[in-house]
Amino acid sequence: MTYLSKTFILCAGLVLAACTNADRFGDSNTVDLNSSGGAGAMAGTAQDPASPVYFQQTIGDRVLFQVDQSNLTSEAQETLDGQAQWLLTNTDYKAVIEGHADEQGTREYNLALGARRANSVQEYLVSKGVAGNRLKVVSYGKERPIELCSNEACYAKNRRAVTVIAAIPSS
Amino acid sequence: MMRVLLSLVLACLVWAMPAFAQNGPLRIEITEGVIEPLPFAAPDFVSDNAAGAEMGRKIAEVVAADLAGTGLFREIQPDAFISRVTSFSSPVQYADWKAINAQALITGAVTVDSGGKLVVRFRLFDVFAGQELGDGLQLVGTQDGWRRIAHKVADQVYSRITGEAPYFDSRVVFVAESGPKDQRSKRLAIMDYDGANVSYLTDSASIVLAPRFSPDGKRVLYTSYESGFPRIYVMNVGSVQQRVLESQDGQMSFAPRFGPDGQAVVYSVSRGGNTDLYRMDIDSGASTRLTNAPSIETAPSFSPDGDQIVFESDRSGTPQLYIMPASGGEAQRISFGQGRYGTPVWSPRGDLIAFTKQSKGRFHIGVMRTDGSEERLLTASFLDEGPTWSPNGRVIMFTRETQGAQGSASLYSVDITGRNLRQVPTKTGASDPSWSPLQE
Amino acid sequence: MNLGQIISGAGHLALIGWAVFGGAFNSDPMPFEVTEVTAISSEDFAALMDGPRAPDAVANVETPEPPAEGEGAPDLSSNADAAPDSAQPEAAASSEPDTAPEAPDMVPPADTEVSDAPPVLDPPQEDAAALVPEISPRPQPRPAPRVAPEPVAQPDPDVKIDDVDQQEAAPDETSEPVQEDTEATAREEATTEIVTEAEENDVANAAPPRSVRPRTRPERPAVQEDTQPAARPQTDESSVNDALAEALGQSGDEGQGAPQGPPLTAGEKDALRVGVQTCWNVGSLSSEALRTTVVVAVSMSEDAKPVASSIRMLSASGGNEAAAKQAYEAARRAIIRCGAGGFDLPVEKYDHWRDIEMTFNPERMRIK
């Protein structure tokens, strides 16, 4: 990890500061890659296996869930295997796992459901050897859909857990 | 022939005597009536100067809007009036008001005293009985508080006629929404129950959810993502001072609600994917865990006596409603209908629980008795949720969201009979209402 | 024969005595009229003035501003002296000339002798919001702002809403009612029960409402004064009374004061009941008041109009005092409003309906 690429990521993070202004790591090096349209800003680094964009686009930063479920499909497990591998290789990064739900449900139940989903991912990554202290979970319930329509095509994409990568600050 | 008649009379007499004895006044029993809005007239409150007259007109308007807004009353438009009320103290021309079928008449007068205070007097008449209902009343307040005075007048009228406790002089804290669905910004806001006098309590920097009034209406609990994770905050509505409630790192807390003493707070904590209910003393921050199950337990609400908590749990496989002692312990399931139940809220009267129900792809607001019986669905739409009770337990306000990419949220209210569904006017999108107690 | 006459004569005497004296005792008007005022206390007034008052509705305030209490605070001191002028009872009622006598004089325009047919006529057989049979989910009633014992179809938009249906002037088929110059009115559209949004849900897909109207309960007895099938207790009672009266050979005897002659038939009583219930609006009553049954006494003038000043509550059960008061007031409005044109009562039986006790039992209205 070069100084240059870190700087780049930091800048990209500022550009992308979107959904949350949250300072979830207690420092300002947060990169929120959840925004679906944001990848363009990172173009050029998707080929670099050590870059968060590679993590987001090539490995896949998100897994999807069945209605009301928080257990991982085999497809999801495959994605998470890749995520775990990447995290084990790139130890300068940590991750926040965001759990989401579709809009079919009450606000509070969906918050709890999102927490379940995020936790499923966290547990899986930990089972693959990622240190638990590099992973945090948060649930957005139904507050942050990525697809806007009100039918199953959109709902299926909104029932997700997204692993958001951020650099660990060099102290 | 005589014998037959005689024996008939004799046979019947013993049996008939009670009926006979009742035969003084004619007795009838009325068991069928009508349910319709009661027509009333609220002429402009009179005043001896132009400024006061303008105020008198506005006050009468708000009084009429409050009453008509309940669905229990119907305003008779002023152009139908035969009589003009020109003086507060002159006798009421009952005949003129009867002729237009005004069953209740509200008259009032507005003056500004030497200290600049607004002085409002009013009387309420039962037109057909030809008499005053209750005594005249005088209210004094600041001039820019005229709406509150109008609400208080309407509260008096409403209570004197219906017998219900009043509720117009109350406020609603809610989440003001703007922006598209995927980047919706949310701010805490507060307004009068009728949508007037909106002011904002937070900016839109962080997502805020589900504010809940304290029993005295002075504080609000809400959930904010200010820290990056959902946490519970308490805000003093007057000073807008806020603080986060105690919570441990790595856990999310949400769905807070005050107990009736204003001291206990019950809420959900998610940790390790599991969501359970906790209870905290808001001043000391000491908390105890109320449930300990691998299922989701959330959306708790105290009974008005503080002895019990109704909440939502999916321990049976789908979200259903349960009641447990306020200190935790065994819970009884109370919802058994088809579908999923959530966000139960105990009515201030204690007899009903309002809830959100999801069934066959639609959402409903409903009420049931506290043992789960007599379930009745009051609304139906693509997405209704989050009921809150008016201070008198007669009206429910809730969030209704429309579907699709352009979907937006707004507030609606409905009488607990299921009548009078109407939108609460707000300038922006609005969700998660919480109704204050009646203001003092 | 002698024995029978003695027994029944004694019974009648007792009855007459009871009616005269009991009635006399009853007619002592209960001091009900003016009530305790929920006057606003001085604290309330103080609170009214300093209580949180939201500042003006400003739409786009970017920064939170302390809305309320802080600002009210300075007012506090001055509020204290506001207390004295709080809630003056205004000596209201007393300051006004006696208004009560006005009521009886009221003769509303639509003063038609609707003779035999009580105001509620046959419900429209079709095109009305149909009653829901308990067994089947549809056809469903559609929501209307008014709920009445019988559904009323949406009225002709030109027709004025009134409590009873009235034909426009020229009467034809309905021979006897002499309808002078009355404006055509119709009862407001009504369903027989409250229809919530949730229940109305399937209406759009449901079969057209123009189907045979199912009934949820036995039809109200037809309004003719023929006696009813034995199902009805009053019927038995009155036919026995009839029989007794006949046996005693007293019919037609116009006594002075005491009820004599044949009592009202079940049909006549029904007509009165229907006449009152048309105006008994429980829609604005609290749920508590809807649990309260009140017994109301009223004296009638010979033209079958209630004497407003004679109306009083005899008893109440089921609710607290406040609920009883609202329930009574709703009952009083019903009697006065629907009685304004005179109830449909046979004048030759005036002695039997000079004093009436009406029990208003809202039990069935609660579940609408």
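Per-chain residue numbering starts at 1, and chain names A, B and C are given in the order in which the chains are listed.
By definition in this document, a residue touches a chain if its C-beta (ideal position, glycine included) is under 8 Å from a C-beta of that chain, and two chains touch if they have at least 3 such contacts.
Just so you know, these numbers come straight off a predicted model, no measurement behind them.
With centres computed from CA atoms alone, B is the chain lying nearest the middle of all the protein shown.
Chain pair with the most C-beta contact pairs: B-C. Set against the Cα centre of subunit B, the chain with the most distant centre is A. Annotation: 66 Å between the Cα-based centres of subunit A and subunit C.
Inter-chain spacing, taken between the CA centroids of subunit B and subunit C, is 28 Å. Chain geometry summary: the mean Cα position of subunit A and that of subunit B are 41 Å apart.
Annotation for subunit B: no residues touch 2 or more other chains. Touching subunit B in their complex are the following residues of subunit A: 18-24, 70, 96, 103-109, 111-113, 115-116, 118-120, 122-123, 136-140, 143-146, 148-150.
Note for the complex: subunit B touches subunit A at residues 180-184, 205-207, 209-210, 225, 227-230, 250, 252, 254-255, 268, 270, 272-275, 296, 298-299, 312, 314, 319, 340, 342-343, 356, 358, 382-383, 385-386, 401, 403-405, 407, 432. Those residues of subunit B that touch subunit C in the complex are listed here as 2, 5-6, 8-10, 12-13, 15-17, 19-21, 23-38, 71-73, 89, 91-92, 94-95, 98-99, 103, 115, 117, 119, 121, 123, 126, 128-142, 144-145, 148-149, 152, 156, 159-164, 171, 190-192, 196-203, 217-218, 237-240, 362, 364, 366, 376-381, 394, 414, 416-419, 421, 427, 439-440.
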